[in-house]
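The structure that follows is given in the form of structure tokens.
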Amino acid sequence: MGLPGGWSLENLLEISDLTTEFDTSDGVVRAVGGISYTVGLGETVAIVGESGCGKSVGAMSILRLIPEPPGRIAKGQALFEGRDLLKMSNAEIRDVRGRDIAMVFQEPMTSLNPVLSVGRQLTETLLRHTDMNEQKAKERALDLLRQVGISDPARRLTQFPHHLSGGMRQRVMIAMALCCEPKLIIADEPTTALDVTIQAQILELMRDLSKRLGVAQLIITHNLGVVARYADRVNVMYAGKIVETGTAKEIYHNPSHPYTLGLLASVPRLDQPRGTALIPIEGQPPDLARLDDGCAFRPRCRFATERCGHEIPELETVTGDHKSACWHYETLVQQNGTAA
Amino acid sequence: MAVNETYIGIQDEPLQDRGWGAVAIDLIRRQPLGAAGGLIVILMIFAAVFAEQIDMYDPEVNDFGAMLQAPSLDHIFGTDEFGRDIYSRIVHGARTAMLVGFTAAILGSTIGLLIGVTSAYFGGWVDNIVQRVVDVLIAFPSIILALAIVIILGRGVGPVIVAITIPLIPNCARVVRSSALAIREIPYVDAARAMGFGHVRIVLRHISPNIMAPYLIMLTTFLGQAILAEASLSYLGLGVQEPTPAWGLMLKSGAEEYAESAPWAVIFPGIAISLAVFGFNLFGDAMRDVLDPKLRDR
Amino acid sequence: MYKYTIKRILLMIPTLIGAGLLVFMLMRMIPGDVCEIRLGGTGLMVDKEQIDICREGLGLNQSMAKQFYDFAIGMVTLNFGDSMWTGRPVTEEISVRFQLTLQIAIMATLTAVIIALPFGVISAIRQNTWVDYCIRLFSIAGIATPSFWLGIMIILGLLIVSQHLFGEPWMMPIQFTPIWVDPWANLSQTIWPAVAVGYRYAAVVVRMTRSAMLEVLREDYVRTARAKGLFEKVIVNQHALKNALLPVITLVGIEFAFLIGGLVVTEQVFNLNGLGKLFVDAVLDHDFTLTQALVMMVVSVFVVVNLLVDLLYAWVDPRIHYS
Amino acid sequence: MSAAEDMVEEDSLAEAEPLLRVEGLKMHFPVTDGLFLKHTVGLVKAVDGVSFTIAPGETLGLVGESGCGKTTVGRCILRLEQPTAGKVIFSGVDIAGMKTSEMSDLRQDVQVIFQDPFSSLNPRMKIGSIISEAMRVHGIIKDATERRERVSELLRICGLNPRFADRYPHEMSGGQRQRVGIARALSVNPKFIVCDEAVSALDVSIQAQIINLLEDLQKQFNFSYLFIAHDLSVVRHLCHRVAVMYLGKIVELADCDELFDNPKHPYTRALLSAVPVPDPEIEAARSHQILEGEVPSPINPPSGCVFHPRCPQAIETCKRDIPELQEFTPGHMLACPVVPRE
Amino acid sequence: MKPKTLKMLVGTTAAALLLAANVATAETPKRGGTLNFVVGSKIPSMDGHMEGTFGMIHPIRPFYSTLIRVNPENPSSTTDFVCDVCSSFSSSDDGKTHTFAIRKDIKFHDGTPLTAADVKATYDKLVFPPEGILSLRKKFFSMVETITTPDKYTLVMKLKYPSPTFIPSVAMPFNFIYAKKDLDTHGYKWHQKNVNGTGAFSFVEHQPGAFVSGKRYDGYHHKGKPYLDGYKAISAPKMAVRLQAIRGNRAAIEFRGFPPKARDDLVKALGDKITVQEGDWNCSLLVTPNHKAKPFDDKRVRRALSLAVDRWSGSKALSKIAIVKTVGGVVFPSHPLAANKDELTKIPGFWTDIKKSRDEARRLLKEAGHSNLSFTLLNRAVDQPYRILGVWLIDQWRQIGVKVTQNAVPTGPWVDSLRKKKDYQVAIDANCQSIVNPIVDVSKYLGSASNNYAQYTDEPMEKMHAAMSRSGDPAEQRKIMRDFETRLYGEEAHIIPTLWWYKINPHRSYVKGWKIAPSHYLNQHLDQVWLDQ
């Protein structure tokens, strides 16, 4: 975990002021509006938020996988082991991709190339980034498939993605990500498309591998439960900004942003009896093309004051690493405290 | 929470409609080729509608004092072998072309739409039979089919339109069918069925309007194809009849006999055909990009 | 796969029957009569008696049912009869032309594919750049140009240019020499129609390749490939192109089948003694036997090519698992 | 609402005459082959003998993983599919065997809310027409002005500004569309609504809004819901009783809290264990039972108990005998002979 | 028997126009070379007896000989016939017996010697075909009573009545002499696909739809001929291709005829490498009103339609764009029986004052109650000259207020409509014959003729024609012909004439020895053609 109060060399990845924009027919949409966070060595960090809040775009911006045009990384830094990913040449970033930082995507159905065999898709990463020969790469691929718990790996290598079930495919995706023993895996909604029992299998696998291999993980998800179960630290995003960041425990037990608070109150929980009241966040998420220079959550916020209308709050420390981007977090923390 | 009076979305400003100007500027910026195509299409339609107003001579009157004259101030595109003003014939030819093109394209794609949707919606033996018929028509050499139809039906623009339309229908029906098969599975169709609506209502009101993207794309493609088909039929001597001004006819006689001695007789009708088809295709391509990037050619 | 193939082959039968019925009825709906055209078309004096002798000789005075029965039996037993116009066996008439048409179709396909694949791919990767615009304009121009016009211009261009260069106008041969007899004479005749046809063909394929590539490049697995750090070249050539090829293969198949029976206009322009020309002549001459046999042949080629395309499809795309 | 009130309510429900009774419902999709004369070469047993009842004003949750047949059950009740066997008795009438033409009236009693708010509304129709279409076509309200008023009212009931009537679906957000879907279902005054994953596609904050709306509407109009979902947390929150399906069969059916607090079937247990709770401390304390393997193909389901290949408690007889859904404790049905009686 | 050139009709032989200084008879023919020529039609069966198209004549005629033929040295003459397989021929004084002495030095290409029996067998097939066997020329020989061979090299044809049309009919180029042996052993259909003749060239190859090639027959009976080593007749139905082929020297000549612009283009591009031969063509383009369709049963309407057409100025304009030129009456313009200009301009429709003519036309229409006449013109979808003339006629009729739409259809439906359905209102048709044989040629205008599609009966005209056919006196024939012509075109306007076709043959200058004839069917045996290369 990072040192309190600032960036440290232990940080594998340091994102600062990352801003990604898209040109659309409605004008420039700032999907990611200057976010900063860190991922420490071996740490599992979650980015949580609702659809359209920019969490995926933010993650893909790190590896510069945003389609350009219409996308554009407007500014910011993404220091990976001290090197700015955003300033690298195309050749350099290609070397980083798949070797140092690997990605696991949401849709295992579409993220694997349907016309290439599983083996081919696994080995090509190895052949690209290491000096293994075909034979060695194949052995390594077999080993990887075994590691991610795929039965009969030798046969699987010759199969095509459509032969595999969703869970299997996601395992293949993970095996692919592990190919070159990366230092960081970015997992973009890795289990959203899967059933709960499979979701549990996959997440358990990821946690296990991560621990065993010491790989840091950046999990992008909307599922608060998944975050609670697996993440060390959490960044909550809303409308392209990180509105709260802290350890999972802090976030869940001491939410210091009205949005986080609202999320937790509106999610139905398995451990609460039937009929427990849900308190939804009223209104709709804002249109990113029409953001003004106030707090984006203001229209849905019961704490909103006049100040929120013209000043965008920056992340401020609540306690230690726990930060919130709200002018009224103190009021909120107090109220919460009394409520709890 | 009670059913309250604070409606969702009441604080939204109403979605303002952007003006046509803004839409046009946006189109030019994003689809410059498409905008150019649109401009050509508008030009063609304008010429077709206002042919009498913008022509310079009667397009059908022979003037043997002015045979095969090169372009001049009197005849800006020159004259043909009968001394007819080529510019005026092209302007009036636009009317024939638009008539043939639009009628054939609209008929072809609309009939294809209905057949395709019906076939997909009912499935089973209806689909089976329709698909077999479509198979036959697609496999049948289309120019020969058109040729046979135009010979059977005889004179004039009408038979040419029918002859051009019929080979278009199965292509559209097939594309529409596959779209409709997908749409049939979309929940709003289930919702309509759950509401207890009849087949006709579901086909016409719920499925067909949602196949507008492939339909419109087929339509613009067909427009170009129809104009070219008319030219091909003319080349085989079976297109629109003299002395009606028609581009295919003009191009054919020009290209066959006067390509060298009176190049203007072949260049201008050729440009007219190519430009029109070009325009429709550019426009159609842009529409494809806007409406449905996934829709296949043909 | 095996079962699927059998099923597809059986599915050809209704198509062939349908095509047979259609052509049989169409031909008899066309006003005119092969004897009247052949004997009376010249404007010479011809008696009714002579026409009747001719009709009887061709079996045209028999009932429709009998004629159709003979036609159907002929098709099944592969006995296609004699041309009503020349009196030669239909198979002989067709086989003479088939070679030429097939060669042009193959050459045009090669031309088209060689031009279209790289252009389509470049156009897609450089979407909305001037390169893309140029390629798109080039390809739409190909679709927008009437093929006979292009053919006439090619011939005229050759005549004029060669006269300027060599003093003597040069024209391509107007009679077919098989490629194994004289490759040079063969190619100097066939290359021009192949180019004229190939241009339009390439234009269609470029558009298809471009749109398929654009679509594929947006797919998740391309993003996955990028995230693996693969070279762009590898991503385009191996990951994207292989997927984008599927619709292109279909199109090439359909176009190829179309060329076998549809080179009507180009064959006229270049005076190619091919199937397209034969087809038009047969229809215009009311040569029932020949037209019917031609339709059956072209439709057969079409369905067979389609079958091959589908099997190829299955081979390229393992998702299509026929069982 | 207190837990005590809840209990009373549920007691009364149990005794009421059920609004809907499903008996032995089977939906087998044939896998066909052949060219013109199709013949069946196999069966996908999407639903294989499902029985349950729903009382007026009750919500029955139907949970399970994808492919377990829960959606097909809903579609059979809606008669979007023609069931292979079994009865669907609605208000005393068996609608499973009815002809489509006889269905028209019943259609209006049974309505549906779909999962995907983006595809369940016809994009070419304005919201107003979407909601009023059925009223017009079925002649429920013949006067156009009245109809417009009714549309406004329905929109208001569903928490939408009546001005939305003039908008197209694409001009609205997911949550708003889902409200339109609900308003459409309400337009024919149904008694029973099938909610097919009605909130799964929504974001958490919006999901809560819709859940609350569904609850409010039920209180107001006394609907019955068949709530089909895979999200157990939502089901727990919303349903009176819950049925767990696995591969076309109901494996456990019980009152909501009973099922969640006291799951019996090994599958239910694994399912519950797999669902994470949004609280890191609780999560850290929970034991996570990870179910091995995946759901087998319904074309060729395992013999005996369909769950046995993945079941941690499976014994030899499970491979052989198909377990019946039986009352385990009062009100708690279970299809597993292995679970010991306490 | 003394050989003599038969001159049935005496008169000045108006030579066709020969523009370029060609056919320099002083030149000595060179031997060798292959002549490539293009044929603007498909090649149907190879049996001349059952075909009527030049598509068969051009490629096949050189394989065969005929009994007599048009004089190859003077093909533009309409009356100059010479022997081919005969050494002489003569007729009895009553004109009923014609005796042909057959040459003894002739062999078929397969080596069989030719005798009178072969000629008789050929003519038996033509004149008295067995049942089920086509003979398109049967009608031409309706006057023949018997064909006999008194000895091996003598053929006698006896006529039922003397006929001025007999000898020209014998000279028709379709009357290929077949070997009796072939007819006996292979049957009457063998010649459709096989060739065995006595012509200047022997058969080499027929590639269906593409070409026919022949090589020099060394045993040809006209000694020293042919000059060519061989020829290739290449089928090229599109006019543009034929033109380009000559320009690109893929072919040296085309024998049917080119439009004027094509000639100009060739001359412009190739200068003196091109020689042009031109002349009147024994074809005339007609407008046939359907007398059974109202209002064309009214002769005032028909006359109005004829009066509206300005033939004299049309001739000037159309001769620049179409293969028509000469204004003429029913008879081929340069034939002795043809009307001279004075006679012609008296016939309504041929008046030189077009204004007067059109005023009369409008008056007639008004009188008939059809001032706003509109109708559909059935035309043949063939460019030259049908389409061009169609456009011109429509514009001519527009000038008297008649609105015409055109229905140009392919040959099939056109023939069908004219011959079978007879459902047209007004049609464009042509009278196109091979040998100039006016009395036979004008028989098309008889209501009773099988190729007259106007559906009228006109007894006086039938009588006039019968009188002409059996008259031995050219002056009388000419007089009757004037009455016939005036009644047909003027009084009754059964048929509305337009212009005579005009044959233009631009060819490579190295083609020598071929002379233009008044018909594209004639003089196509190619034995006198040589290449100056």
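Per-chain residue numbering starts at 1, and chain names A, B, C, D and E are given in the order in which the chains are listed.
One rule holds in what follows: contacts are C-beta pairs under 8 Å (C-beta built on N, C-alpha and C of every residue); 3 or more make two chains touch, one makes a residue touch a chain.
These figures come from a predicted structure and were not determined experimentally.
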item: Between chain D and chain E, the fewest steps along chains that touch one another; value: 2
item: Pair of chains joined by more contacts [C-beta pairs], B-E or A-D; value: A-D
item: Relative to chain D, chain with the most remote C-alpha centre; value: E
item: Distance from the mean Cα position of chain D to that of chain B, given in whole angstrom; value: 47
item: Cα-centroid distance, chain C relative to chain E, in whole angstrom; value: 39
item: Chain B and chain C: spacing of chain centres that average the CA atoms, whole Å; value: 23
item: Contacts with 2+ other chains: residues of chain C; value: 30-31, 152, 156, 218, 268, 284
item: Two or more partner chains touched - positions in chain D; value: 173, 175-176, 209, 212
item: Chain E: positions in contact with at least two other chains; value: 238, 240, 269, 410, 412-413
item: In the complex, chain B residues that touch chain D; value: 1-5, 7-10, 14-15, 128, 186-188, 190-197, 201, 205-206, 209-210, 212
item: Residues of chain C that touch chain B when the two form their complex; value: 14-15, 18-19, 22-23, 26-27, 29-31, 133, 136-137, 140-141, 143-149, 152-153, 156, 160, 204, 207-208, 211-212, 214-215, 218, 247, 251, 254, 258, 261-262, 264-265, 268, 276, 279-280, 283-284, 295, 298-299, 302-303
item: Of chain B, residues touching chain E in the complex; value: 60-62, 64, 67-68, 81-82, 151, 154-156, 237-238, 241-243, 253, 255-262
item: Chain D-touching residues of chain A, taken from the complex the two chains share; value: 50-51, 165, 167-168, 195-201, 204, 222-229, 231, 248-249, 252-253, 262-282, 284-285
item: Parts of chain E lying in touch with chain C, wherever the complex brings them together; value: 38, 42-45, 50-53, 131-136, 138-140, 189, 192-193, 207-211, 232, 234-238, 240-241, 244-245, 247-251, 269-270, 283, 410-417, 419-421, 429-434, 443-444, 449-451
